[in-house]
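The structure appears below as structure tokens.
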Amino acid sequence: MSLILPPDIVLKVDDLSIVYRTDRGDVKATANVSFELRNGQALALIGESGSGKTTISLALIRKLPKNALVTGGRILYQRNEKIKDVLELSDRQLREFRWNECAMVFQGAQNAFNPVLKIHRQFEDTAQSHGWTDKTAVRKRALSLLELVRLDPERVYDAYPHELSGGMKQRTLLALGVLLNPQIVILDEPTTALDILTQRAIIDVLNDMQRQLDFSIIFISHDLSLAAEMADHVATVYAGEIVELGAVNDIFYQSLHPYTHGLLTSVPTLEHAQDLLQSIPGSPPNLIAPPAGCKFHPRCAFADDTCSKDSPPLTDDVGGHLAACWHTDRLLASRKARV
Amino acid sequence: MTSEENVNRQTAPNPALAILLIPWGLLRSAARFLRRLRSNVPGMIGFIGLVAYFIFTFIMPHIIEFDGDPNLDEIVGPIGSRIQLAAHSENAHLRSFEDLAGKTVGVVDQTGGPDLIAPYADSLTIETYRWTSRRAGPGLEASLIDLANKEIDALLIFSKTVTELIDNQEDPELKALFAENIVITNPELGPPHLLGTDTQGRDIATHVVHGGRVLILTALIGGVISTVIALFLGSISALTGGVLDSGLTALTNLILAIPRFPLLVVMAGLIQFNNTLYLGVLIGLLGWPSLMRAIRSQVLSLRERDFVEAARSLGLSTNHIMLREILPNMISYVMINFIFSITFAMYEQIGLVVLGLAPINDYTWGVMLYFGRSRGTLYNADGASMALSPVLAIALFQVCLVLFARALEEIFDPRLRTAV
Amino acid sequence: MVDLLQKAAKNYTVRVFVQAILTIWAVATLTFLLVREMPGNPIDVLIEQILTQEGVSYQEAYDRVAASFNFDPDASLLDLYLSWLGDLLRFDLGTSITSPGTAVIDEIARFLPWTVFAVGMGLLISFVLGIILGMTMAYYRDSFLDHSLSLLSSFMTGVPNYIWGLLIIIVLGIQLDLFNVGELRGTYDISLTPGLNAAFVLSVFKHAALPITTYVIATLGGWMLNMKSSTMGVLNEDYVNVAEARGLTDKRIISAYVGRNAALPLFTQLTIAVGFVLGSGVVIEEIFVYWGIGHYLFQSITVRDYTSMQGVFLILTMAVVFSNLFADLTYGLLDPRVRISGDK
């Protein structure tokens, strides 16, 4: 491939579109999604459930359900200045790519481990499948990783999954995720279904790990406070499209898209009074027949005729902070007025 | 429609109208069910098969008469008839036992011939030839030589291979001898028999038509009894709980540990049944435990569902909850298991009949098998239609039941798996 | 002491053991009552028979029956029951009525191994085949292969096993003449001396081939369907999804992640199958004239040898109970979750 990417970019998603074939029609789960992930970066994809965040992340390791069809785009992955399109990997290459280059920690790790195999067998399985057969070396690395996620390494390594609590399993899965030293770790709602203290512990562990092990994170969540804490970049996903993309502070303090703004004001914060809390009116659009123009316009307070006709492009107005909205100025004006 | 109207409709129906509505409702749900079944090909096959069996075993017997008389004119019938009469050429006119009176008759016995001859034994002089090999042994050949040499007047052969033996005779001398002297009387004779005739010249097809009624009735009795007991004990156990529940559960586990078929075999050995339908009752009395266990857990899980909780908090009686809330939700499950219990009852009673431990006074498919085994026709290469007719009748009936039950399973609730 | 008993009651192993013993005791009592007290029970029938046929006094008839049933004519019912239980504990099942002097337990020991061999082989083969085919059906669900295998399984489970046996004899043996039915009777070629030589072992397999094939056909369909639905459940489990994301080889996922978990619930059904197949052996062994325990039971029934009937029936029940017990105890080895909850 004659393509050249800047060396610090590990992943570049280009114009990715995915549909789900169903009996009632094609669900356009992801439409023209593009973004880049830099080495060491933590990118959060935020949005309501059903917005297409998970579809994007599953596409990255080609783990989409059987009825999904990639209708266009590329997923370029770079390591050591070699670039590959994930969508064009052979089955064998794909198997090697998974976990070795890009690991995914799924939502709800409660059931992520095979109940009849001990944890060490599952670590060894992963290593062996990628050609790493030296069990003592695997054990050494696994134990150090388990220690990094603040578990009792010896005990956990020799345990069955059901002997571990939910938080322990989640941390074990994190350790397993980085076992093969991947460049990218995808975390899909890593803390849902965990109690608040365990959530805290997981976040600390993740921060620690990223500092020590040097990998990039793609982080999927509807929990904005978590995203704010974990990510350095944020992409807002609405109806299968990225509607806003930028550095975490820009998004949270200077959001340019009414949907992001709506998401933020629907979450209580310490600064804002409870009475300012608003929810976004309406419900997510039907993705079999999405609305014309900007897909958010039926729910948007600033929408006008332009919005219902033309779909706004994702443009860079303020240096590195992209938004897909015709009326960013109106949003800014309204916010100024309120303050 | 407002909710008020809805309530009115349910609480104060016009009784006359309601009675009219019942068949209409049944018809509509039957039509809906058939529409759903149509997309399930194996289920449809099973359903059509069962309807065909119903017509076949409960209506056809009134039209087609049971052929119970040994019919000796059929002994030289077409292919499918299993008896042949060979005679010396001058005795070619011999057609039946009446004609044979006073003659010396050779009997080549492989398939239960003596039974057939017994009523006429007094008027005949009988020479018996042992059938010593499977296809055409020395016994048959010796009898033919005797026949050719006029030592006997006629020969009853309970096999059709005799023509082959005469035509394909390798020894030229014997071939000439047979061709000169032996006549196989009138091989074209007799009306066509769909499945041929048995060792006594009786039409097998009529036996198949008449052979299902008692079996299916017995299986239905067994199935109904075990399903009712299972439903009753299972729901009582689940709804009352406590000592009764643990007592019934222990009893169920105990009965489940006893191998059912040997128990039936032993009991059939101790008690002499004289009525097949009693056997159905016994099978039903022994057959409920596994279904009872399944129904108990069904009721237990239904009990925890919201609508039952709601009914209970309204203070409705256990009777009401069981009959109005829980039973309707289990009806398809019970139905499916009822069908499976019919297959078990069928399995067990025919098993007993084949062993000869159940009454054989009704000529059922099972009894046909029993005689096939005890008279050796099963092991006769010429007995194909005699042996296979009851076998296929039983096998296809069971397969239709299973196909239909599986289709019900898929249509009503794929998550529910049947007991056993 | 009480403390120890309480601990024992909570222990999984002890619990299933006690359950098994209680079941056997209950069945033993049941058979005792069946033979002794049921209206038309064999003892009364025999006494009646001797009375009418030989015109001896009741006491003499009773004594003679007592002798052949091997019980003390002067003892009370309770004493008889207790002594019968005592005999049972020493594996003494009495002597045969029709051939006096032959211990029933010796006869059982002679016939039972053949049945265990045939039933065991049949179940083993069908279980393994069923697991493979069931997984294939789940992986290719809704394909032509799945539909035809599922139709086939309806045939295999629906058609009674003795009908399969008869079909094998009639179609393969008689009509197509693929083998000689008569020669395959019995458990081995009687001209051979039993021992560990090739000819004998071969003959044992040859004679057991038909019953084994029948057991395989009749039970395979059930395994296939159960394995299919179990596999489909497991395929939806997160850990399979995660295993694929981990880039494990297909071979490893299919065997250790899908196969092993999907087969677990089938092991409990294996014990039900053991009971059923062992029981149905009576007809199958009669049809093939295979000299196993079912054949022995049937022969005892035809000659009204009540002590043998009673003994065989008890042994069959015990075999089922012990195979349940075995399954309960070994299930823990296969599923670590049970092992832990069992100990606690």
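To keep things simple, chains are lettered A, B and C as they appear, and every chain counts its residues starting from 1.
Criterion: a contact is a pair of C-beta atoms (placed from the backbone, for glycine too) under 8 Å apart; a residue touches a chain by one contact, two chains touch by 3 or more.
All figures in this text were calculated on a predicted structure; none of them were measured in a lab.
J.: How many steps does it take, at the fewest, to get from chain A to chain B if each step moves to a chain that touches the one before?
T.: The distance in steps between these two chains is 2.
J.: Taking mean CA positions as centres, which chain lies farthest from chain C?
T.: Using the mean of the C-alpha atoms as each chain's centre, the farthest one from chain C is A.
J.: Grab the C-alpha centre of each chain and report whichever is closest to the global C-alpha centre.
T.: C
J.: Where are there more C-beta contacts: A-C or B-C?
T.: Of A-C and B-C, more C-beta pairs in contact link B-C.
J.: Please report how many Å separate the Cα centroid of chain A from that of chain B, as a whole number.
T.: 63
J.: Taking the mean of the C-alpha atoms as each chain's centre, how many Å separate chain A from chain C?
T.: Using C-alpha averages as centres, the distance is 56 Å.
J.: Between chain B and chain C, tell me the centre distance in angstrom, where each centre is the average of that chain's C-alpha atoms.
T.: For chain B versus chain C, the centre distance works out to 25 Å.
J.: Show me the residue ranges of chain B that touch chain C in the complex, using the header's touch definition.
T.: On the chain B side, the touching residues are 42, 134, 253-254, 257-263, 265-266, 268-271, 343, 346-347, 350-351, 354-357, 369, 373, 378-381, 383-384, 387-388, 391, 394-395, 398-403, 406, 417, 420.
J.: Residue numbers of chain A touching chain C in their complex, please.
T.: Touch list, chain A to chain C: 61, 63, 95-100, 103-104, 106, 108-118, 125-126, 128-130, 160, 162-163, 173, 176.
J.: In their shared complex, at which residues does chain C touch chain B?
T.: Going through chain C, the ones touching chain B are 19, 23, 26-27, 34, 38, 40-42, 150-151, 154-155, 157-160, 162-163, 166-167, 169-171, 174-175, 177, 180-182, 229, 272, 275-276, 278-280, 282-283, 286-287, 294, 297-298, 301-302, 304, 309, 312-313, 316-317, 320-321, 324.
J.: For a test of understanding, state which residues of chain C touch chain A in their complex under the given definition.
T.: Contacts found on chain C: 237-239, 241-249, 252, 256-257, 260-261, 264, 334-337, 340.
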